[in-house]
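Below are two complexes that have subunit A in common, paired first with subunit B and then with subunit C.
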Partner chain A sequence: MALEDICRFKDRHHKWFPFSSLEDTDTSLYMMDYFNLRWRGLRTSEKNSAIPLDFFTPPSANSASFCLPNHSTTVRRPFPLSHGTTTLGFIFQGGVIAAADTRASAGGLVACPAVHKITPIHSHLVVTSSGSGADCMLWERILTREIRLYQLRHRRRLSIRGTAKLLSFMLHPFKGTEVCVALTLCGWDKEAGDCAKDLEDSYFMSDESSSADVTRITDSTSPKSGPKLIYVCSDGARLQGDIFSVGSGSPYAYGVLDGGLKWSLSKDEAISLAREAVFRATHRDAYSGNNVDLFHITAQGWSQRKREDLKEEYYRDMEKRSKDRRGKIKRE
Partner chain B sequence: MEYLIGIQGQDFVLVAADNVAASSIIQMKHDYDKMFKLSEKILLLCVGEAGDTVQFAEYIQKNVQLYKMRNGYELSPAAAANFTRKNLADYLRSRTPYHVNLLLAGYDDSDGPGLYYMDYLSSLAKAPFAAHGYGAFLTLSILDRYYRPDLTRDEAMDLLKKCIEEVSSASISRRFHLHYLHLFNLFHL
Partner chain C sequence: QLSETKMLSAQGFGDPGKMKDYHYTGPVEHKFSPYAFNGGTVLAVAGEDFAIVASDTRLSEGYSIHSRDSPKCYKLTDTTVIGCSGFHGDCLTLTKIIDARLKMYKHSNNKTMTSGAIAAMLSTILYGRRFFPYYVYNIIGGLDEEGKGAVYSFDPVGSYQRDTYKAGGSASAMLQPLLDNQIGFKNMEGVEQVPLTQDKAVQLVKDVFISAAERDVYTGDALRVCIITKEGINEQTIPLRKD
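Right after this comes the complex of A and B.
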């Protein structure tokens, strides 16, 4: 990937992507690099005032072999980074709805009023992001790459649960650092087809007997295909559910969603509920606002609605209220 | 606050956990399962910091399964508990300690039922009854008062219900959905 080349990112010790060490060496050019590698020390850019070019993972208990330079002490941030957001996702009879506002705030500044917080990963998976904008962008790209590589290597698409587990394992070394990523994977699992074995839960030990039984007893309720909504966070939390809202505006969104959500909603009702929830959250939360993005995921894939300005929604709401009030006054 | 409780009887262990997964003030999930089945006769209940619980419990779970695959027979509950404690202790003074509180409930064919209490500082104690969380402060005295080593299953269920009532009524905000698991036959109530 271009980004990876610019960052000179080399997964020297397979800490991040241990799956790449499982493949055959003759099938991938990737592996050739690893064998030719030596530890060359910190490389810095001559042009850009000695910015370190190598992308380090934080020192973990497993890396006893080499000592990293002192990058474990966190660098002080130049300004408060963006954390404010309202994103939500829910499952109903017609699939999955994902909605998010489009404001990126940095402290009290609206850094960008038109950000894309919902990113498609593949035709049947969309991820909503909240937390630090830069971290989310990076991790979405990394996730997209890994999912695509998995698809190319194994000739089948990784399930949503497997994707969530993969993401969670990739984020685990960064627990305790200032990486702040809270993603909601909204997608639709297709039917397994010819692949009978359930690969996601037994990545490191593929075994038929007890391990498969053990995992199956804990989630005997979730079907293998259909809509899925999974929340993954850089703390390590990984939760599958029917309704999630993340971000500073999430309590306000929950208030609207919990009241109005039913399984039997029609597609239009679900979309207007999602829009209403984001609108109410942006009305109250200072760090959410501007526009709302809405995605609808079904068995046929994701479809995106045109971005809507919440200002219009506000005026419509005001109009409705004043009409109600005028109606009430007339009646009295 | 998360809550775990375990009561050992003559030939069974009764364990229960709340079902709420929360993130600061929001309850994100109401049907979250905190029990991890290590083997046919061992259950691990795990609460604590968000990602640590699942990572650590699944690590222990897979290792117990690996032992069975390699050696052809299952680890005893005492061995599993000590293995868990050893892992906790090893990580405790590393840069990434696991902040998890555990209850391990098991039935050994020769030694009978066993309940093991472990906390995030990797202490281990085999106890007739145990609890984790703020609810423990409220219910340990109830358990002290009414527990007997020769409890029948119904009596143990009644004692458990007493504890749960207490936690539900005295707890500040959590809605509790207790999820019982009766170890000997391993069925969900």
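Right after this comes the complex of A and C.
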């Protein structure tokens, strides 16, 4: 995908894109160009479009007016989409830990019990996803493509803060629509240096036309290299922090993490804390469950712990509790 | 604005693909719906060197049956078959679009698309209609580049995953737990986990569809099974309950 773009190969195929030729070719049907927020005719090809997908909007009563699809004009869907999760990430002395459950639920049904909610983008960046499954999957693909393009064009890797900014700007045109994406970027920045920061800021300033809603990161005291944890969501929020938990099970995970998190934790203690947090959240939240995935990111890159079925953990926990209860009864 | 004030009877969109209630609920305004639910179940299983895609052949709408011979498996390449269930109009258009894209790929790259590539492409095609989705539940079954069986299951907006087995469509909620137990050996203790042979898999698929036809009104009439091996695609049709 990325190499195709460098060679401008995609432009030649643009007019063959399925929904521009096989759909209704009535000239009154325009396609919404989301990145620049304007209508454009179906036949014009876009040079080097930042968002590689063209979105088809259903014809609505006020299609003459220029508006993004919102609830009163969109077609109602007859099926539910996958949602609901527990993901968390935190920074400690040994790097960054990212953990998530693996259940994808659609309405009341478990659509898939073994989803990968944590996806590596490159060797030092991992993304945990929450919200609608399809949205997260596609936006992660788009992000991976854009990061790779940046690396090919500028011969250096974009920083985590730059990545978060890029993602936030790409999601901005979809603010107010049904796109529901809440990603936590967990990574390690490798090089320090002021010139790197200036380069990435000026790149985005020239590219972006509507920067009105950009949230500023006012964290000038954080170092340029080292572990980073940034939360980006489709509402437009972009937050840097030391601990994040996202999803329907996040209140339970926060409770466990806030109770046990210290900067000085060892790697094993941190892993066991993250596991415990996800386990407690899956126990109490109906929309989280099945297994726990754990990633650990250090200066050397990310490493994945083997996926663990929480069913075993639950039985071990029950065993421990009944032993305590028996002990208490004996003592009385 | 009018759509917000109308009374949504059970015919509305909160209830995916089930029948309308034919009793009086009060005055209801009916808006044109671009979607319809045509029923049908698809199933795919991946083995060591084979893949099976099976579907029933009933096409229904509401209380009527439109056709008893409308299979939902479509052959894409010599090593890939897709099963599509949901709204039949979207299934037809989607398969036409996939066929066109396969041809384009063949003409520009001088090779056929692999199963994994087709899955990734379908994901972007489906997501392109994020705001007016194709009402289709897709499952792709085929052989990957190494010759091993592969199954890719999709949701209507393009989220996908490689699996060993998956059921989709109207009886999916009934069949998936059965497959979890028989193929995935889930929820059983102390069982020897033998890998699935091709004959056992075909027999299991037939038994599973017979059960589905018993309990789901939208599934029945006949079963079409496509078995994909490196020799090619072998199709069988087995009759099911017609009531």
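Rule of thumb we're sticking to: the second predicted complex is superposed on the first by the 238 of 332 C-alpha atoms of A that agree within 3 Å, B and C clash if a C-alpha of one lies under 4 Å from a C-alpha of the other, contacts with A are read in each partner's own complex, and residues count from 1 in each chain.
In this section, a residue touches a chain if its C-beta (ideal position, glycine included) is under 8 Å from a C-beta of that chain, and two chains touch if they have at least 3 such contacts.
As the structure is a prediction and not an experimental result, all values here were calculated from the model.
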Looking at the overlay, what does A:Glu178 touch: subunit B (first), subunit C (second), both, or neither?
second
So in the superposed three-chain picture, is A:Gly236 touching just subunit B, just subunit C, both, or none of them (first/second/both/neither)?
first
Tell me the contact category for A:Tyr254 with respect to subunit B and subunit C: first, second, both or neither.
first
Is A:Ser168 in contact with subunit B, with subunit C, with both, or with neither (first, second, both, neither)?
first
Please work out whether A:Val115 is in contact with subunit B alone, subunit C alone, both, or neither, and reply first, second, both or neither.
second
Counting residues of subunit A touched by each of subunit B and subunit C, the higher count belongs to C
Once the complexes are superposed, what residues of subunit A are shared between the subunit B interface and the subunit C interface?
72
Subunit A to subunit B touching residues, read off their complex:
59-61, 72, 168, 172, 175-176, 204-205, 207, 209-211, 214, 217-219, 231, 233, 235-239, 241, 244-245, 250-251, 254
As the complex stands, subunit C meets subunit A at residues 1, 3-4, 12-13, 16-17, 33-35, 37, 86, 93, 96-97, 100-101, 104, 108, 123-133, 135, 153, 155-161, 163, 173
Give every residue of subunit B touching subunit A within the complex, in rising order.
21, 23, 25-26, 28-29, 32-33, 35-39, 49-52, 54-55, 61-62, 65-66, 68-69, 91, 94-96
Which subunit A residues qualify as touching subunit C in the complex?
13, 16, 18-19, 22, 53-58, 69, 72, 74-82, 104, 106-107, 109, 111-112, 114-116, 132-138, 177-179
